[in-house]
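Dumping the structure here so I can ask a few things about it.
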Amino acid sequence: MNGESSRPPALGFASDNIAGASPEVAQAMIRHSTGQASAYGTDELSRQVTLKLSEIFEREVDVFLVPTGTAANSLCLSAMTPPWGNIYCHPASHINNDECGAPAFFSDGAKLMTVDGPSAKLDIARLRERTREKVGDVHTTQPACVSITQATEVGSLYNLDEIGAIGEVCKANALGFHMDGSRFANALVSLGCSPAQMTWKAGVDALSFGATKNGALAAEAIVLFNPALATEMSYRRKRSGHLLSKMRFLSAQIDAYLTDDLWLRNARQANDAAQRLARGLAGLRGVEVLGDTEANILFCKLDSAIIDALLKAGFGFYHDRWGPNIVRFVTSFATTAEDVDHLLSQVRGVVDMLRA
Amino acid sequence: MNGESSRPPALGFASDNIAGASPEVAQAMIRHSTGQASAYGTDELSRQVTLKLSEIFEREVDVFLVPTGTAANSLCLSAMTPPWGNIYCHPASHINNDECGAPAFFSDGAKLMTVDGPSAKLDIARLRERTREKVGDVHTTQPACVSITQATEVGSLYNLDEIGAIGEVCKANALGFHMDGSRFANALVSLGCSPAQMTWKAGVDALSFGATKNGALAAEAIVLFNPALATEMSYRRKRSGHLLSKMRFLSAQIDAYLTDDLWLRNARQANDAAQRLARGLAGLRGVEVLGDTEANILFCKLDSAIIDALLKAGFGFYHDRWGPNIVRFVTSFATTAEDVDHLLSQVRGVVDMLRA
Amino acid sequence: MNGESSRPPALGFASDNIAGASPEVAQAMIRHSTGQASAYGTDELSRQVTLKLSEIFEREVDVFLVPTGTAANSLCLSAMTPPWGNIYCHPASHINNDECGAPAFFSDGAKLMTVDGPSAKLDIARLRERTREKVGDVHTTQPACVSITQATEVGSLYNLDEIGAIGEVCKANALGFHMDGSRFANALVSLGCSPAQMTWKAGVDALSFGATKNGALAAEAIVLFNPALATEMSYRRKRSGHLLSKMRFLSAQIDAYLTDDLWLRNARQANDAAQRLARGLAGLRGVEVLGDTEANILFCKLDSAIIDALLKAGFGFYHDRWGPNIVRFVTSFATTAEDVDHLLSQVRGVVDMLRA
Amino acid sequence: MNGESSRPPALGFASDNIAGASPEVAQAMIRHSTGQASAYGTDELSRQVTLKLSEIFEREVDVFLVPTGTAANSLCLSAMTPPWGNIYCHPASHINNDECGAPAFFSDGAKLMTVDGPSAKLDIARLRERTREKVGDVHTTQPACVSITQATEVGSLYNLDEIGAIGEVCKANALGFHMDGSRFANALVSLGCSPAQMTWKAGVDALSFGATKNGALAAEAIVLFNPALATEMSYRRKRSGHLLSKMRFLSAQIDAYLTDDLWLRNARQANDAAQRLARGLAGLRGVEVLGDTEANILFCKLDSAIIDALLKAGFGFYHDRWGPNIVRFVTSFATTAEDVDHLLSQVRGVVDMLRA
């Protein structure tokens, strides 16, 4: 619980980026806003964050904090892909649709090669095949790395076996392996595994460890499991304008985020809210919940009357983007049971009316 | 005064980026950390910031908030320079020395053409000459824009006539005109002119309006006076990873920074501290203050014994970078009279000892 | 006829780039190899080439000669596409498969958006739809231009109505329109229309006018119908290393190519050879000619025994790339009736044997 | 001698790129213009060229033929420089002044750092100093490679000791070493050393081996002494549009160029012509020969009356670019003794008139 129970129910279910920050994160920023600290990440707090992440991942890691997920993804990809390289990703991936070509910008031209598959997850057999095509053919861009999103853009999850299988494909073909973890915590608590299992133990080389969507204001950690990528990364980050002078403000966010398991608690709250919503919608007339709700994103098909009524009542969500009457609800660390119940009561109201 | 009088004197004079944030800025971020707001700068607060800056600059402006000065500078330059363009700047400029090639990265290859001049300021006659060379010659990169830093990297200022004269050169040759204003407020209060006079009225097209060094945590505003640059800028910002999803956190900083003249008060405090330091050092044996102290940076030549004593006492500052025994002190919005007096008393202590 | 009748039959049908040069082209190069001429395209012969192309296209055009089709295509595309732009093309297009990412390199990151359709031709309805998606959405790369290949990579042709319809889509959405004409002449003589009709009258802005595959050694002409693209093109060409100092050697090739309709005669010979081959193969047992043979490329399905026998006899061609037993034969300006008949007699030999 | 004695004297001394091709080169192209050959450099002739260059350089080398010097230089540099790298070169270098930013384009943003020195040659002490500055400092672009031109843009030469010393600087700092050899042969015959001595034995990693200026039409060879650069180079060449499909036409030029020492004979003729010119001008009234004439470029100071008379007589050359009355004459493989004597007689005519 984020102690926001006294406020009126929140109506926004469009994305987890409409939420603010966890109080712990906000307080940490205040706490670190006075006094002097050395700049550009050479401060003590930034050092602590690297140590904390090394502990969490059960090994030494290189950490580069940046303010956005687009920066984290693109920097990771550019460190593993030459300008003539192929980045294999799902057609529905954020890097393919929602970053205005950032991967090509940061990598100086690399090509996104989409590999389809159900639930916004790469079809591994097809990936294996694609990554073996035209290797060494000078007329064609060359396989360089694979990027998966965990949890995916539709809220589905790769299980450990699947991640491991992709890791095997990468290893067999000397490809880099990137994980876009903008909802890393949501995936982790849902799978119930360790951060190490979900990443480097399965072959991941570089992780965009998301915090912004799950309680931070604007902070993501690039976590490198392949130490060969680190030196280059420091120049790439600076050169793209993502090395903050007062770095402690990023470090303060991530530090608070990792302290006392805030990141895991936040993710559980978001996931629980989505589960509560799924349970509440299940079986209602005019409502069809689509797929499993594995993280904090729920897709359903709603009768038009329900959609109209919710919009009229001020609720925010995307609909009719993925097909007629398809609705996406996204919960966050700030979504309370009351928020969900308020939404459900509205839906039930319409359902009752429709039935009458 | 930032109400920090009860703390022990601060010892850091290395840069204004070692300071934290103004309490007003920190409080604004807390205030805006709860509740829902639409993402990516479509929130009300972000709209307010644009209006405030339009008021301050006495005309409609386009505003793009970004977390770093490197991003602000490079985005401005890239919007005014084709990949085969020349950016004229001073050899001592931040864009030339301290951004790891960011201008070339963002512009896909543009060339920095350095034009020297005293006090880190462009020699205008030489600039005029250089920008007319080889125009239209397909073998050579082509004049595209001019960038000046105000206040400069050594704390000197362009006066209004000088800015206007550079603006004339730009206009006559159809060049863009960029101002790196990472210390914009320090320059403004020192010159005692209006923001409009120091920028678009003198021909500036695009401004990096700095806030980080002067009281924000990590926030700069790209302010465009040439509306033709705006559409392209929105794609460039997104594509480089500088469009924050929870944009309100940048907006909150800039909003607080502009409220009740905080930005001007902060700049005055920093400049006053530098003046106080200059006055205190003047005439001391073993000390030679170099040049005028127009903003918040002071250069002086100190006897080695003084340098050693200060370092030993824990003071932080750069020395012997610009010549033997040359010392640079930078003050900030957080530097108090007490901080300065503490430094001065240490210097005087050594001076007395030396004399004895 | 290229007067090569006394030589033994040529066995290569793999591509039109295995042929040499037309004697007229080779002689022109010799003729222009002595004496002095001003460099970098400022010579008289280069001026003549532009005039000739203006005549052929019935309007003033801007011409930029380059040594390769990849350069021609990428330069055209980069002049019409910002780094965050989309280039719509067929999945089978040369720019998508065979240029090692050159369009992304020259455009500093633009994205190839494939639009499928039968016979390697864009489905126009789908193109219309795709180019209207997410326009103005800052999160997504933006529609910038359309590229078609005429004749296509499989030897099919867009008719004038189809080109005009694509031109309409481009006009309606303010997109650039590029034609990869590496086999421009083959398409032209097959359609029997004028160069103007097949290009700017149908809305084409920039053409890669191919000569290398059809009788030149290494020479392509960028022909611009949109004069706004010309200034920028001159810098782009130089900067990519495609402005030859002894430009007359490119000009001499194109000049000879255009003189006395050599380019049209060559194309007719290549197309006729393909037709002769199609007629000869039709109805043979173990042979199925696929699709129409509109230009100089023929696809067929051959019994494995035929393929093996041809390979054994030294013939060169691609097979089993587009499906089991699918064979591609490409003829050129240098392919004689004797060459075709020799191939046919070999095929018939196997067919007879199989029947026996 | 190029057997052109029956023609009227040539008047062009502006550059060696106004000459045509050696008859041997032109004939070779004709010879190879018929018949079929496999494309993209997989033909036998291309293999032969690599073997010939390996012999000439007394070791195995990787060879990549390209049509221009700008391409050769930029490809070499990009293979040795990350986008945040520094390329150290002379302010007068071709890569700095005459390639429209090609090195930045091919390298995705690398920075040219000029190191001055007399006679267009790098001051080695200064180079040593510059390449040690700010190494590892993330705020600054990083030392990556050194590029020298041999012979230089003003016709001067680095001797073997000087090249070796620069090689030492490169080795000590792990920098790549590139030689722009657009006038490689002119330098070689003047120094009287072996190709190996002038390159890899002195530490050169990558050479732009020029042929165009010295008898070819449009052909340069990238010669790599560092095998680690080769794989990447093949993609870079293709991606920049410099892999010719009918590669044999580049190979034919280089093959003829290297056969029977044509390249050395041509260079000697050019150098001898420059020497003849220097001797003829020496001591004339109103004429001052500047510096040594080590290759095929001669600088002198001429009385205005002489300049005017020569221009009026139709001679072509650059003047007043490097200072008032400074004239540059460039000779080439096609410059005959008669051409030189004709120029000299004109000069003497004016001198006599002036004296009268």
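Order of writing sets the chain letters: A, B, C and D. Residues in each chain are counted from 1.
In this text, contacts are C-beta pairs under 8 Å (C-beta built on N, C-alpha and C of every residue); 3 or more make two chains touch, one makes a residue touch a chain.
What you see is a predicted model, and the numbers here were worked out from it, not measured in a lab.
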| item | value |
| --- | --- |
| Centroid-based (C-alpha) most distant chain relative to subunit B | C |
| Comparison of B-D and A-B (more C-beta pairs in contact) | A-B |
| Same or different contact residues where subunit D meets its copy subunit C, judged by the half mark | same |
| Gap in Å, rounded to a whole number, between the CA centres of subunit D and subunit B | 44 |
| Centroid spacing, where centroids are CA-atom means, of subunit A and subunit B in whole angstrom | 34 |
| Residues of subunit A whose C-beta touches two or more other chains | 40, 83-84, 99-101, 105, 108-109, 138-139, 235, 238-239, 243 |
| Category of the chain touch graph - line, ring, star, complete, other | complete |
| Residues of subunit C that touch subunit B when the two form their complex | 40, 82-84, 108-109, 138-139, 142, 232, 234-239, 243 |
| Sites on subunit C touched by subunit A in the complex | 83-84, 97-101, 104-105, 108-112, 138-141 |
| Residues of subunit B touching subunit A in the complex | 4, 7, 10-12, 15, 17-21, 23, 25-27, 29-30, 32-40, 66-72, 74-75, 99-102, 105-106, 212-213, 217-218, 235, 238-246, 248-250, 316, 334 |
